[in-house]
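You will see chain A twice below: alongside chain B first, and alongside chain C after that.
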Partner chain A sequence: MKIYAYGVIDSNEKIDETIRGLNGAPLFNVPYRDIGIVVSDLNAQIQKEDKTSVLKHEEVVEMLMDKFTVLPMRFSTLFSGKEHISLMMKNYYDDFIGNLDRLREKIEFGVKTIWPGDLIRERITAAHRKSDNLPLVASSSGKSFMNEKFENYKIDKEFEEEADRCIAVVDGFFNRYVSEKRLEKLKTDNLLLSAAYLVDKEKSDDFKKAFEELRSSGGDLKYLLSGPWPAYNFITLSRSMDGKFGGPDLIKTILQHKDPK
Partner chain B sequence: MNKTIETDSLEIFANEMEKVKDALPKKIEANPENAEKGLAKLVLTLIELIRKLMEKQAMRRVEAGSLTDEEIERVGETLEKLENKMKELKEIFGLKDEELNLNLGTLGDLI
Partner chain C sequence: MDNLIKTLQDKKSYLDLRKQERVTLLEILDRALEKGVVISGDIVISVADVDLVYLGLKVLLSSVETMERLRGAPFSGADEEPT
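Our next item is the complex of A and B:
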């Protein structure tokens, strides 16, 4: 039997035992000094793509969020026994305390932005082909190759510069409401921005209003707001923990299982 | 606290995020049945990373005008040969361009 972990919390006290975890197993808090880690026993194997379990994990973390500050563990984090948990808690206690203090009363929002990247790239490419400002006289195979590569390099560069300009505008709507952010640019040509914002709970409504302003600002960009999430993307550790913490992109799973508002 | 997902374009986002998932192999698949391919994938991923870095550095130097004509020709020939050799190796091991990448967790993708 293994122990499945949901998150580290800022309490060493017993939690409500009526809450159930994966496969209906009861949850319990394993205390260490003034904090604890919420776990449940697990007899079966977890499939990485098991959507029911992913959603259950998220549901438990969200229930914990209502009462505690939570450092959510990544989905499918397992320990082989209580002694391993105690050792981990001892080794990372200072990190956990630092993160719990930093993330107290804070939540995470996700903002994704799609732009017509295919069309923008086509436009930039057409402009380059038209101007034909190649840097080299292609008198050899080596130079022809370099010309082709240089043209692609310039197109990519211009495409990224345009992406940076658009991201700055989108990000500008949220800047004054966030305490930290993680921005990922162009995960695909069309997925301009995947952003995670750390927001004070009391600024949550302001953040949502900023999103509505952005959405109603017109243009041909498309936006998605999700949250509030536990602060998956903002846990920082002084040493690696083999991916036990980190930011799962749960939106796709949620979209497949819930009716979005 | 009530979670919301606000968008006018659910399907478009779902499709785009599906592409992201497909583009990010989480790990090198190495097991007794495909050890050779798994190892080739790892090695070729690292070579591809170095090749792309070299190519980008060469483009920056062309842009800055710091290469002579002869140097550009030599660099061009070298990069072209490297690219062709990589194409051959990918074909031999049945690997596609998008497979030559590694997800480094919180650090993002290798390439």
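Our next item is the complex of A and C:
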């Protein structure tokens, strides 16, 4: 029998035990001092490519979010017994308290911005070719090769500067309503911005209005607002090994394994 | 997510809803499988296949950007509180 953990909450009280977790198991709150961690027993394995389990995890966390300040655990956090949970809560207590205080009455919104990056890059490239009068196909000489490299560097730089300008405009719509933010620029050429914003619950309507203003401002950019979410992106642990067991790292490992170069 | 679909049922086509559902799931995956509290050390068992869950679902779902490009339509509805 393993114990599956959903999230740490700012309560050591019993929770509604009629609510079900993974595989229909009842949820319970394991108290530690003035906080608790919500868990359920888990007998079976979580299946690969099983979105149901991920959605159930999220459903439970969002339900907790309605009643408590919650620090969501990453999907798949399992313990082999209650004594291990108590030990973990003891070790992480200060971290959890710090995060619970910081994230109280706050929610997360996601904003993704897509721009026609490929077209913008083409436009910048064409402008450079025209102004520098460079041949479209580089000759084999070393000098031409270096010129081409330098030209590409300048194009990349200009592309990034253009991205920075657009991100500043998008971000400017939200600045006054957010407590914290995490911005990721150009995860791909077309995904200009992947942003997470931490917002006071009482300012969430203002935030949504700001998004509507942004969306109706015209232009070639497309926007996606998601949320409100539990504050997944804003948990900071001093003793975290964040990433060691995370998806992207293993994906990188798999890719590196397939492509050793 | 069910609430979302109910909310949008009256004004969105089936394809819009399917797209919305996938976008929502992608947003959930990006959080539940990549973020949140990560406990270190031997006291926690991490499901060995969690990375494959992430990889498998990501591959199945494609990315938001790719979906957007392939479908050629704006994020109609996707900007309306998917949770």
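Note that in this section the second predicted complex is superposed on the first by the 224 of 261 C-alpha atoms of A that agree within 3 Å, B and C clash if a C-alpha of one lies under 4 Å from a C-alpha of the other, contacts with A are read in each partner's own complex, and residues count from 1 in each chain.
In this text, a contact is a pair of C-beta atoms (placed from the backbone, for glycine too) under 8 Å apart; a residue touches a chain by one contact, two chains touch by 3 or more.
Since we're looking at a predicted model, the values are computed, not measured.
**Q** Have a look at where A:Y153 lands relative to chain B and chain C in the superposition and call it first, second, both or neither.
**A** The first partner, chain B, only.
**Q** On the A-aligned overlay, A:E62 touches which partner chain: chain B = first, chain C = second, or both, or neither?
**A** A:E62 contacts both chain B and chain C.
**Q** For A:V54, using the defined touch cut-off, is the partner it touches chain B, chain C, both, or neither? Pick first, second, both or neither.
**A** In the superposition, A:V54 touches chain C alone.
**Q** Is A:F145 touching anything from chain B or chain C once the two structures are fitted on A? First, second, both or neither.
**A** In the superposition, A:F145 contacts chain B only.
**Q** Looking at the overlay, does A:L87 come into contact with chain B only (first), chain C only (second), both, or neither?
**A** Touch partner of A:L87: chain C, not chain B.
**Q** By residue count, which of the two partners contacts chain A more extensively, chain B or chain C?
**A** Answer, by number of touched residues of chain A: C.
**Q** Looking at the overlay, does A:S238 come into contact with chain B only (first), chain C only (second), both, or neither?
**A** Touch status of A:S238: no partner.
**Q** First (chain B), second (chain C), both or neither: which does A:T188 touch?
**A** After superposing on A, A:T188 lies in contact with both chain B and chain C.
**Q** Between chain B (first) and chain C (second), which, if any, makes contact with A:L78: first, second, both or neither?
**A** second
**Q** Once chain A of both complexes is superposed, is A:N43 in touch with chain B (first), chain C (second), both, or neither?
**A** A:N43: touches no partner chain.
**Q** Go through chain A and flag every residue that touches chain B in one model and chain C in the other.
**A** 62, 112, 114, 188, 190-191, 208, 211, 215, 222-229, 243, 246-247, 249, 251, 254
**Q** Can you check the complex and tell me which residues of chain A touch chain B?
**A** 62, 65-66, 107, 112, 114, 135-136, 140-146, 149-150, 153-154, 184, 187-188, 190-191, 201, 204, 208, 211-212, 215, 222-229, 243, 246-247, 249, 251-252, 254-256, 258, 260-261
**Q** So in the complex, the part of chain C that touches chain A is made up of which residues?
**A** 1, 23-25, 27-41, 43-47, 49-58, 60, 63-65, 68-69, 74-75, 78-83
**Q** In their complex, what parts of chain B are in touch with chain A?
**A** It is residues 1, 3-10, 12-14, 16-21, 23, 55-56, 58-59, 62-63, 69, 72-80, 105-106, 108 of chain B that touch chain A.
**Q** So in the complex, the part of chain A that touches chain C is made up of which residues?
**A** Residues 2, 7-8, 45-51, 53-55, 57-58, 61-62, 71-80, 84, 87-88, 92, 110, 112, 114, 188, 190-191, 208, 211, 215, 222-230, 232-233, 235, 237, 239-251, 254.
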